[in-house]
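In this document, chain identifiers A, B, C and D correspond to the written order of the chains, with residue numbering beginning at 1 in each.
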């Protein structure tokens, strides 16, 4: 039983953490910190927690929070804000899982360029361990500070990892067309997020220049250069790597879209192959890459769909080889609140504390 | 650990039963029976169950089903179809929870009038126990065959029970304006249920003549005549009953509406009071009536909303006393797939087998 | 050809006015006034007007607006704000149609009680003509200032007018359960109006105490006391009035609900009848009441649905007599942006200037 | 004033044709033919047409239809079904606009391969004129039989035409990731189109192998080989063509997605450029290409969004040059029922009969 606190409890990521953690058999929730709602009773803001263990909790201010009493702190704060608060919490006894983008880059020029913010704590950033479990499981187990990946990034990387090191992919050709539910935009008051502006419509935004482009490309290139060693990545059945290719760096083009669903990301990825392949070869590649993974499922007779993963921590992936154009289409679906944020964070927590990796994460999709 | 089978696994109610039961700590799922999909692998139809305990299951035909091996069978079949199949299963060793309307009435003329179907098994119908837990808990524990209540009915009865026996309500004045998500209409292929016909619109249907009118009125009048004895119903703090009133029978007017949400029912009820009351008195009445209930929550500072219960087995209820018109407005919200169907069925199962009533039902609403 | 200006062009009501007016054959749009967007090009904010007559317009500040050049001004401003600005515009040459609640009441105590705002211009308020065409057509034609009705109010009054003066209705029994699309809440930045908070859910709000209660009741009682004389209201086929009843005043109970649709209101109304009636009698009553009305349609073989009116200025109404409980259920549907706001305003404009009443308003619902 | 009939009136395309045509100032609707609803009154099936000119119409069977009395017939029938019925109508006096895929190909092997259907009337197919106005305006004016383009195809071609002949595009690199509203799938009873299956979710379907792939590629290559001569295509400001490139053929990869909106298509296209360009050059290219077009709008400071075109016949397009990867991203949005089907058909009708091209098509998007 570990003691866990959440800083930033009233955003969507914080709500989802509370929902998952209060039912986790090895977790006792200690403090729920909120700037905007300090002093309020939790169930007065979130009536969905009536009747649960959370019924008695009040939200507290960060000033009243004593991090030393927690074994683990989740920081669920906006980018730019998190770096200072998280830095203050580091080294005060608790492990930390940060949900923001602030600690996902060791090369801070990239962060600073794409986020348009100065990083004020480079030494902390460089100690952070990137929390994409399927890529980085062993380092996560020993981390002090975990940088939980972004939702678009998780959906995209899980779809790309199996192919990029095989030598079969033209690494300069990767195009990611991603579609996200509106909860991914958070709870901030923007007129573009009003129901009347977002319902029954669809749009692209930030084509080619969205921040998550940089995170996908950065992590992909770290992976290509051998900086991660998860079991999946070492998979024995993988085709021997093409050395020339390993020298290459991936360059991705990423266009996100806002779709009128509450939760879920569907990422459609296009990769030119260097030569002929087959549907069977691609299925085998993907299946074997993830054969030991709990939360990544390769579909062969159907295609991923948000409704089959929303409410669960699973990612579903299908690949389609097009022999007409020698391209691979990879489609991945996940729940941006779960595998794309809070579910992945709980998966990281389970690794950190030696619990079974799927503890508290066994729910299947809520359908219908 | 009990062995449980589901007859009619591929409708929405069946899917939801599978979702709940495969994670229930005291349940082993034995057979999944389906007419339309017998012989198919479950995850080929419902990819959301990949990675779960259900991954290996195949659907089987009713002809291949041996009911003697199950401790409990859920029958999730259409009205009119269920009565024959369920009757065949009764007395073959397993307890049965029937999800249809076929066994909810002991007075079969009412059933036959409103359902337009002959009841071919009156002796079985009369042995069935009505499965609204908050009304009938003690009898449920000893039942052989439980008739699980309808979704509209559960939402409405839970809102009406506290007031109807107090003598304060004009029992002829009850109006129920209910709004249901589309999953309540099931999975049948009707053009009126197509996305393009149902999205971004709203309609009433069957005003005053919907079948569930009869179930609400029938159960309410049985309750008024003292035929149920749950703890809630015996609540000590209840106002002493007005004897004249007890002789009365309730007459309700019920109008359902179809709203473009996937799951959830919101029921708005209007009751004329016989005299002056106050918001405080009404709150106290409702709060005390359900004070020992796990799954019914009385809100006092906010109003029920589908998003706060969808994905959970909770019903949230608020009452609003209008002193201008001396009326009581009661608003209840529940998830039609959970407390309105499969969740309530699992609650019944827990009672039947002596498990904690909320076992496997502790999830809070999936929000956002 | 008349010159028309809009004060408050960038709210939803203003946008809808622009959409209708730029295609009206007798209208030239003169000035578009906006506080928040003065100086901006219209199509930079509303790209949907590219390619239309509105393409070249810029929004201007109220300070730069010369009302003398317009024949008609629409004021589409928030309640409380409109009264001052509209008052300043009165008497400067242009006729005015005000979309707010500020001029809908001659009895200002009612306004002040329900809106919680002082009315600073009682003399102007008392000169305003209530713009429900079907009730007040003759006075509208000669008005200087028209108070355009609220959306909930229009949907409800059109459903109630045929029955209330017949002597058949118990005027103290009227219950209105109304459901509105989210555009009815306007474009203001409230977290409760975010997509993620409003999609796939449903709630009631302000039961019994919503402002529009007072407007419905106020206008209904003015109508009962003979203060309006539209053709519809004088309909010859109407049952002779019960004198006792005419002395009565109506008391209504109104509960609005927010449903996840963009536009549209469905109002379900319940009225106790004083004696037996029949479906035929009710149909005949409603049909004859509106037989000369362009924009009110009585359905007899189907029920109103938002999708059949959204995008049009029509109201569809069905009545259902329930002989079990001697109640009348009336269901009305309209588009809150059209007949519930801007369409009705254009209808008023047509009357004011002697254009055919349906000019510019002939679109049928946009379905699918 | 021309006399127009519709064969296949009760599908979504037929409904939309009726909606547009009954308000067209030069059209008299003659016969409405329907197989499933022959003999029924139109407003009993589509209550939205009450109060309009269509109020009195009955649907008739094809057997009772005399094509000689019409000046123009729209055939709105399923692929494979249309070819026989349309062929019978050809040469009987009326011009024909066919909404199906049956007459869009002169090279029938392509049709037969992708549609999996034998073409039984090759001589008729070869006479048909492809009805993408912006590509083929002059031939359309003199056609006897017009093959109205598909919705995905219109959205994609309008986005691709400006760039493909410039020599700047790598014609083998074109990737189209398209997202369609559900009305595009028609009104057929498939469980995958039920509200509960389609709401709040998202999926890709038929990646790389959707029929519309072949239509996009086929028309694009005909255009590249100089077979169309619309004004747009001859645009003087166009970069001189790269001759090598003209010998090339385009090969496209097309992946459609189903999104939970009622109407609208958003198509996101990715093209590798052969060298460096700039945002300004691309904007200028697109703007000049369509400078004489009524219904195609190039956005430079914002991105296309379905809500800004749904309900209108406009297509909005933006292009984004990414200098990091030397790719062009083109995003187009249109209403699949209007510019993607019935609106484009009316545009074709206007050309055929010499009416102003935008007659009856001036509505701007219905927003909110």
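The criterion applied here is as follows: contacts are C-beta pairs under 8 Å (C-beta built on N, C-alpha and C of every residue); 3 or more make two chains touch, one makes a residue touch a chain.
Bear in mind that the values here come from a model prediction, so they are computed numbers and not experimental data.
Trainee: Comparing A-B against A-D, which pair counts more contacting C-beta pairs?
Mentor: Higher contact count goes to A-D.
Trainee: With centres defined as the mean of C-alpha atoms, identify the chain lying farthest from chain B.
Mentor: It is D.
Trainee: Given that chain B and chain C are copies and touch, would you call their interface same or different according to whether over half of its residue numbers are shared?
Mentor: Shared-number fraction above one half, so same.
Trainee: Express in whole angstrom the distance between the two chain centres, defined as the mean CA positions of chain B and chain D.
Mentor: Computed value for the inter-centroid distance: 47 Å.
Trainee: Measuring from the mean C-alpha position of chain A to the mean C-alpha position of chain D, what distance in angstrom results?
Mentor: Result: the chain centres lie 39 Å from each other.
Trainee: Taking the mean of the C-alpha atoms as each chain's centre, how many Å separate chain A from chain B?
Mentor: One centre to the other, that is 38 Å.
Trainee: Send over the residues of chain D in touch with two or more other chains.
Mentor: Where chain D meets two or more other chains at a single residue, that happens at 12, 183, 196-197, 199-200, 260-262, 305, 307, 368.
Trainee: Quick check: in the complex, which residue numbers of chain A touch chain C?
Mentor: Listed in rising order, the residues of chain A that touch chain C are 12, 182-183, 187, 189-191, 193-200, 260-262.
Trainee: With touch defined as at the start, can you tell me which chain D residues reach chain A in the complex?
Mentor: 172, 175, 177, 179, 196-197, 200-205, 207-209, 251, 253, 255, 257, 259-262, 264, 266, 268, 270, 303-307, 310, 320, 322, 324-325, 327, 329, 331, 333, 368
Trainee: Quick check on the complex: what are the chain A residues that touch chain B?
Mentor: Touch list, chain A to chain B: 12, 15-16, 19, 22-23, 44, 46-52, 54, 183, 199-200, 262-263, 294-295, 297, 299, 301-302, 305, 307-309, 311-312, 314, 316, 337, 362-368.
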